[in-house]
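Labels A, B, C and D are assigned to the chains in the order they are written; within every chain, residues are numbered from 1.
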């Protein structure tokens, strides 16, 4: 039976990363449906928000270039909302896998709590569907040497979206699909890839979560739309073995994570005896 | 600070008993608002442009109201009107709107009022008596310059002047349902339609919005939530001026550091008392204070708490 | 040393629940600062979103009734954003405890992933600050019997905010404060209380997370503001021992939860050997 | 479907060589838009009100353009103008705007056009040649009725007509920077100011917005993101009509099921070619197709990727 996959993201249906992920999924013979926010929704975590008109969620057909036959929708809602309603049949038969991305910018470390890309994946996992979040580190050194530092950042800012290596991230993600489908249902794979051609990756490695890391968000500026921001906790060397360190070293990083879990190491006995 | 670009002289003929009386008062929205702010115990700097013979009469009349008056002297004369109230209702005998402010007069008044506004915690930007007397864009600049420097802007405007001031954002907007309809912002006076218009005004730049509705309780949009302003009904002697009382009441309470809900309740109380008297912009402080507790903000959004399931949400998808 | 507490919520600074929580915290002698969204932000999870004007986050003084001397701010941002910047000194000295609530409506089960109330608490915990989420079940049967079902719901919808038992939830939460401050830093206590006078509570019990549960969200309706919605997965009897079951039985429920954690039961070895 | 409430007869005197020529054409925004849609290979139903002697001349001229013409016959005569282009530039000799549509004519035309619009996947609602000829509110109703039934509304309007149609929301809006300034929606033509206005139009109900800027590349707001529409420069013979080409190009591509980016690039290509010719609304399909690939949508938002830290965010707090 063909696996049915929902492709979503938080950069919006028109972002280049979602196109690359959908294309790669179709190439692997998966049954693909695309539904993503009409507009940029970076940093929306697993928010449930939607815009309705006359009591109906607003959804537009939004066919993607070079993906004839793949149903694709722009939805006036957050990635988490879109994922939840997709799992309940809003866009045809419910998918059994959700791929969220390719995000413009890394989502690594504990800050992924805030990521809309990861939030969509968490929403899927919480509702019994396997999910992966996929991000491209557009601020990574790229082909510059690690030593070039700030220069590389300036260069990255000038790179056109069309020239970025979305395909690298999509390929790494789809190569991981068998690992995902054999993993426990609650687990989400969080994948980050440097902005490099696939042949120049140093490899794919399992990472641990950096203590804060890096997450994409948008800040609405009154009268000027929004500003895309990479929120980072700076000034500390990347802890070895973390997703942030792997990415900086030119590896694609995979982290297995879970959303809300119960904590057992806290004493909550005898609550009624309190004063 | 109250910005009153074009105060007018009001000449009213009245006959409460056997003999007719002639009343001379300063008038215009800003003057009425300033009078009510003072009656609520808050000091007012009034910035106005005055000119000609009428201007010469207005200056002492304004000072005697108790405002701290700052004047730009105009080349052309201020306006005024003559009303006859002998038959019980107002009858207009003459209306002299005056000349539009000249470029030079606008610049001078703007500099004067901006300087005063920056010193004040709250500024009421009142409208001209006729829209064409003062360019709408002045209100946009004013609100922007005050807002950027921490000032709170309170207005009761409509038409182009409202559109302009919203571009820069205001702390508080009072507008009537008639004005919303006249401006094409609401298509009718039904609550849902007015509510929609209020959310749009809020989205368009007004932090808090109060819409008065003639005989119906006013609607208030506070922190994104809709309320009806309910209060004891008092018999109206002169229905005009309740709006100015609301605006002034809000400005006065906020200037004293009060919260917006108390401010709106005070404005409503002041308005309710004002309509029981003939003098526009008057109201006794202790009567108002006594009435504030009887004004209630009742949540008006009937769709406040729904229940839904993921399946139902998924079923609400529609393709356009 | 006096404990410094940030009180926030996702219903907005003007909501009655935040007033009750701030008042109760002040009564217990805590050093209280209040910062909450200017407007309703239910269902925003741990979203990082903010509105700026000329590059500055918009913040208004918003003094609360009967809380003279307690600094209180309305912020044009999501609860998670407000919490993050508060921990970085935006509203005076960083707090050592964050109390989020009292939310209008229960946040229980795994659906708390989407809750803005819980999202603020998760943001705090992820940044090394202890946190509790507090919610009042406004749709609970209240004083009606469990058997009255639908009638009770209708009755609940007519109850004015001023008549709800925000104080019950605030009292239960503050009674739990010593448990919180001795718990591991990463843990969040999620507290739900029925809408009852404190004396009518059957008790306070530790709950497990129901499989979906109940979460508050808002749906923007074009031209009509928003609709407050309780998102629930219905049609299944509440699993015994869960937060949802405890609440339905008239108990206040406490659940110890964690945000994003690493999963270890998934095979991610030999990733480079993939085809 | 193209809604063209008041087509005009254009009479042009020209003298390309020794002898003067007299050209008779149907004109008006809707007619020019329809002509370009047809030249892009998409069928058009044109709904118009025509009357009097001019109307009698317009009907066969319109049919010969290749549109499927649906007419409401008016009691009063259609308008027209006479231009003299013998000196190289246009000189207006006469302009007859015609009478406003009567209540009855509006109702009939609305019913006719709504029926056709509901059958079409895309409807262009063109404006009247003078704003007072057709009430702005008609556009609001039209967009609401079409939008509620899955139709996509494409417009190139300004003034009150734009304000009205936005209330119901449109799929695509083209407007010029001059119109934005004239309507008070932008204060100047600098990019930041126009960008602000575009985001406001988007928030106000326009899903996609294109603003033409005379000599500068047009700006496009697509899915909330800003782009410059960059293309090879061609020498303009007649700078009018590029806007109509954009609108028509977008409508044609979307009607064929194309995506909005291809639609805008096609509209830009059609506009670029159109200005190299004198006949408004013309352009050869193969030349346009050849040019589309050379039109690029370049992200125009310079603040696209910032870096920040929690500490910096906390420092950006300001109290008002």
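As a working rule, a residue touches a chain if its C-beta (ideal position, glycine included) is under 8 Å from a C-beta of that chain, and two chains touch if they have at least 3 such contacts.
For clarity, every value in this text was computed on a predicted model and none was experimentally measured.
Chemist: Using the touch definition from the top, what's the fewest steps needed to get from subunit A to subunit C?
Modeler: 1
Chemist: Using the contact definition given at the top, which chains are in touch with both subunit A and subunit D?
Modeler: B, C
Chemist: Measuring between Cα centroids, which chain is at the maximum distance from subunit C?
Modeler: The chain farthest from subunit C, judged by C-alpha centres, is D.
Chemist: Subunit C to subunit D: how many Å between their CA centres?
Modeler: 50
Chemist: Quick check: how many Å separate the C-alpha centres of subunit B and subunit D?
Modeler: That pair's centroid distance is 40 Å.
Chemist: Among the residues of subunit D, which are close enough to touch at least two other chains?
Modeler: In subunit D, the residues touching two or more other chains are 310, 313, 319-320.
Chemist: Please set out, as single numbers or ranges, the residues of subunit C touching at least two other chains.
Modeler: 50, 52-55, 58, 60, 127, 212, 221, 227, 231
Chemist: Building nodes from the protein chains and edges from chain pairs that touch, which of line, ring, star, complete or other describes the result?
Modeler: Graph shape, chains as nodes and touching pairs as edges: complete.
Chemist: Please give the residue numbers of subunit B that touch subunit C in the complex, ascending.
Modeler: Residues 148, 169, 192, 195-196, 199-200, 207, 222-226, 257, 259, 261-262, 299, 301, 303-310, 313 of subunit B touch subunit C in their complex.
Chemist: So in the complex, which bits of subunit D are touching subunit C?
Modeler: Going through subunit D, the ones touching subunit C are 310-311, 313-320.
Chemist: In the complex formed with subunit D, which residues of subunit C make contact?
Modeler: Contact set of subunit C toward subunit D: 50, 52, 55-61, 73, 75, 81, 84-91, 127.
Chemist: Please give the residue numbers of subunit B that touch subunit D in the complex, ascending.
Modeler: Touching subunit D from subunit B are residues 136-137, 147, 150, 152, 160, 163-164, 184, 203, 319-320.
Chemist: If we count contacts the way the header does, which residues on subunit C are in touch with subunit A in the complex?
Modeler: Residue list for subunit C touching subunit A: 43-55, 58, 80, 110-114, 116, 118-119, 122-123, 126-127, 175-176, 179, 182-184, 186-187, 189, 203-206, 208-209, 212, 215, 217-222, 227, 231, 254-269, 271-272, 274-275.
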